[in-house]
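Shared between the two complexes below is chain A, which has chain B as its partner in the first and chain C in the second.
For the complex of A and B:
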């Protein structure tokens, strides 16, 4: 719960925490969100850039320190390296979670380029053309022309697979965000989202609040 | 016209299902794939044949029997397409996964699968369980992956996805892996020896099966 209080303090009063602490928190949160959300979240360009810059610096610091061969520095080195490995893991796992979603719903995200980073966009396009070529050379090119499409919607079924927006997610409310509508079997109910609440809700119901940063997934 | 209507598609799906539970990729069913495509072409020809006498002015309500035949043909073609797509997708997904894990698919495939039931002959006698198209796909996907990874060199995208606990880990060498350079000097990885090394230095070798991590649950 301390994290939440820090978060509130940082957003309401003057920043009580250094940017790097906040960035670590933001990165951890982005990572958890990305791993639990059924949909791809907007790419946090600034955050990733800052973190990557700092990782680069840390790597050179470590190289310098290990170059001096000072036995006194060894203990510090271990700590620095452990921290570095953890940061690397966070970013790696974050990016891999995104790639996994992009791979699963390639055609769907091809229509939503704003959620992706330029690199991911490149990856998606190349991957998509690879897959199409693969299907085409394997069998599709010999099909009747009317059946060669990969994004057909004929017959009321779209060939483009989409993430399940109604999947249930566990979330914690970070800031009061008012009421959220909940669609039941027969009626619609409303619940109030208060700070500290932990709930299981449909992703579609909390999606916007998560993107605003008012709610985090857990 | 195939009498075993839609059976081929089903065969592909069964094979795909089986693939999901197998550790290795089974042989590519090129014969079944070809036959399924042939079935689609036959169906399409028959459809054209049914349509031909009406010269574009077909009224389904006056000819329900023909309308029904056309619908069934059409749906069967679509179903075959889905089956083929699903079959290829399962396999390409698996191949991608192997690319991410750093498995050298194209070289390790040779002789790994001896169960080819004659369908390998069409591939110039090669023992590979991949179709030529799949081999091409793997080559290109590896390039794509390398390009994307190259943008994140500090991170090592294909590294371990287990949260790091310790900087150093115990490993046992399962296969000779030669000498590796670490910042603490060179280590010669000979079979059955045991080392206490930095995890980042050996992640790749663990994934590729050269090393086994000890005391790891």
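For the complex of A and C:
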């Protein structure tokens, strides 16, 4: 009973964080998740659009301030520029991590365009056509016609490389989510996930929880 | 163009992450509140302490415009207490408890909410309130304790009461915890699920390569055994109980 009252009070009285801070937390989490996960996660379109708009406005503010050479304003300028560089690093590293995954598993993500942003889809198309043109002109055209496909699925084994869905990842549980199934050597077990646990788990076991936000990768 | 690094944060990226933690500073000069990309900051009016992100605090300290007030847990008494806890034989399998987590303020998202919607975004390090400020919990280490301690001692050693002692205690703590982690490698298995509560950010970055390699390697070695077990279970489930030969033998014995 007391816990419920405390929870209700906490949720009512805690001041809401400004949207910018929540966006920074969301962008940081997106970056860490993307850097750690073996697979491509859904693209957070709204978040990236908001952040890019704010970065653009900040750049124009900084350019205006660079005009006046007042010493006090000069220091503020240094602070704003430092923070801008930090944000740009976050966004760039996030996008570069995604591009690395697209490059490695091009044909696989060609079949899953919903995970990619429009620009990434364009990049995927041109990357794929460049690679296949390069392969055909170098050696593929000399193969017999039946062996020239790059996405051959004959024989029960697909040529298309999929990302390793059972890779081990470190994760932290943010909300109690109940049980998660893990595959042992000789049996299947279920473990309970409580808030604050840090565990090493297979990606396939936590993938949905990460996309829901119940678990984050670290 | 594409990032050439393997999955997982490098130690420098963990350091970048920890620079977003809030610390308390005592300004020496006035400065107006700024509208930063990450949120507004409070105006600086000496000598009132103000919480700021660590990167900004270090910038101000380097320019001698502020002093950083060490977090409550980065003192000789608290670190000695935590070190005694870690070195005690009875806690050989545990790490010292980390700071208490507040109750979760968000719930799972509804269907159709985008990935990382604000309503479902639960705060986590480095954005937990008061992890490294002067109001931080006094007897527990936060997630980024190692990086925070190192950065503050490097750049703001004159704001500490006994910097050499604190440095020595941090080093000892790091060694004790790393040896506990290494002893824990024995229980790594292919199914994963190893629990590592209260471990720190830099510690995870250090062992990540080894642990992920071991777990993945064990998984590959046991892959065929797992596959055959799964097939056997699926068959039993599909065909019902009567299909397995064990039952047939029992029926015959009853006659």
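Throughout what follows, the second predicted complex is superposed on the first by the 201 of 218 C-alpha atoms of A that agree within 3 Å, B and C clash if a C-alpha of one lies under 4 Å from a C-alpha of the other, contacts with A are read in each partner's own complex, and residues count from 1 in each chain.
Here, a contact is a pair of C-beta atoms (placed from the backbone, for glycine too) under 8 Å apart; a residue touches a chain by one contact, two chains touch by 3 or more.
As the structure is a prediction and not an experimental result, all values here were calculated from the model.
In the overlay built on the shared chain, the residue A:36 is in contact with chain C alone; chain B does not reach it.
Once chain A of one complex is fitted onto chain A of the other, the partner contacts of A:103 extend to both chain B and chain C. After overlaying the two complexes on the shared chain, residue contacts for A:89 are found with chain B and with chain C alike.
By the touch criterion defined above, A:50 reaches neither chain B nor chain C. More chain A residues lie in contact with C than with the other chain of the pair chain B and chain C.
Touch criterion met: A:78 reaches chain B and chain C at once.
Touch criterion not met for A:121: it reaches neither chain B nor chain C. Residues 55, 78, 82, 86, 89, 93, 96, 99, 103 of chain A lie at the contact with chain B in one complex and at the contact with chain C in the other. Considering their complex, residues 33, 36-37, 40-41, 44, 75, 77-78, 81, 84-85, 88, 92-93, 96, 131, 133-134, 136-137, 140-141, 144, 147-148, 151-152, 154-157, 159-161, 163-164, 166-167, 183, 198-200 of chain B touch chain A. Contact residues of chain C toward chain A in the complex are 1-5, 7-9, 13, 16-17, 19-20, 31-32, 34, 36-40, 55-56, 59, 63, 65, 101-109, 114-118, 120-124, 126-127, 188-199, 201, 204, 208, 211-212, 215-216, 219, 222, 225-226, 229.
The touching residues of chain A, when paired with chain C in their complex, are 6-7, 10-11, 14, 17-22, 24-26, 28-30, 32, 35-38, 41-47, 54-55, 58, 75-76, 78-80, 82-84, 86-87, 89, 93, 96-97, 99-100, 102-103, 164, 166-170, 172, 174-175, 177, 182-186, 189, 191, 195-202, 205, 211-214, 216, 218. On the side of chain A, the complex with chain B involves touching residues 52, 55-56, 59, 66, 78, 81-82, 85-86, 88-89, 91-93, 95-96, 99, 103, 119, 122-123, 126-127, 130-131, 133-135, 137-140, 142-144, 147, 155.
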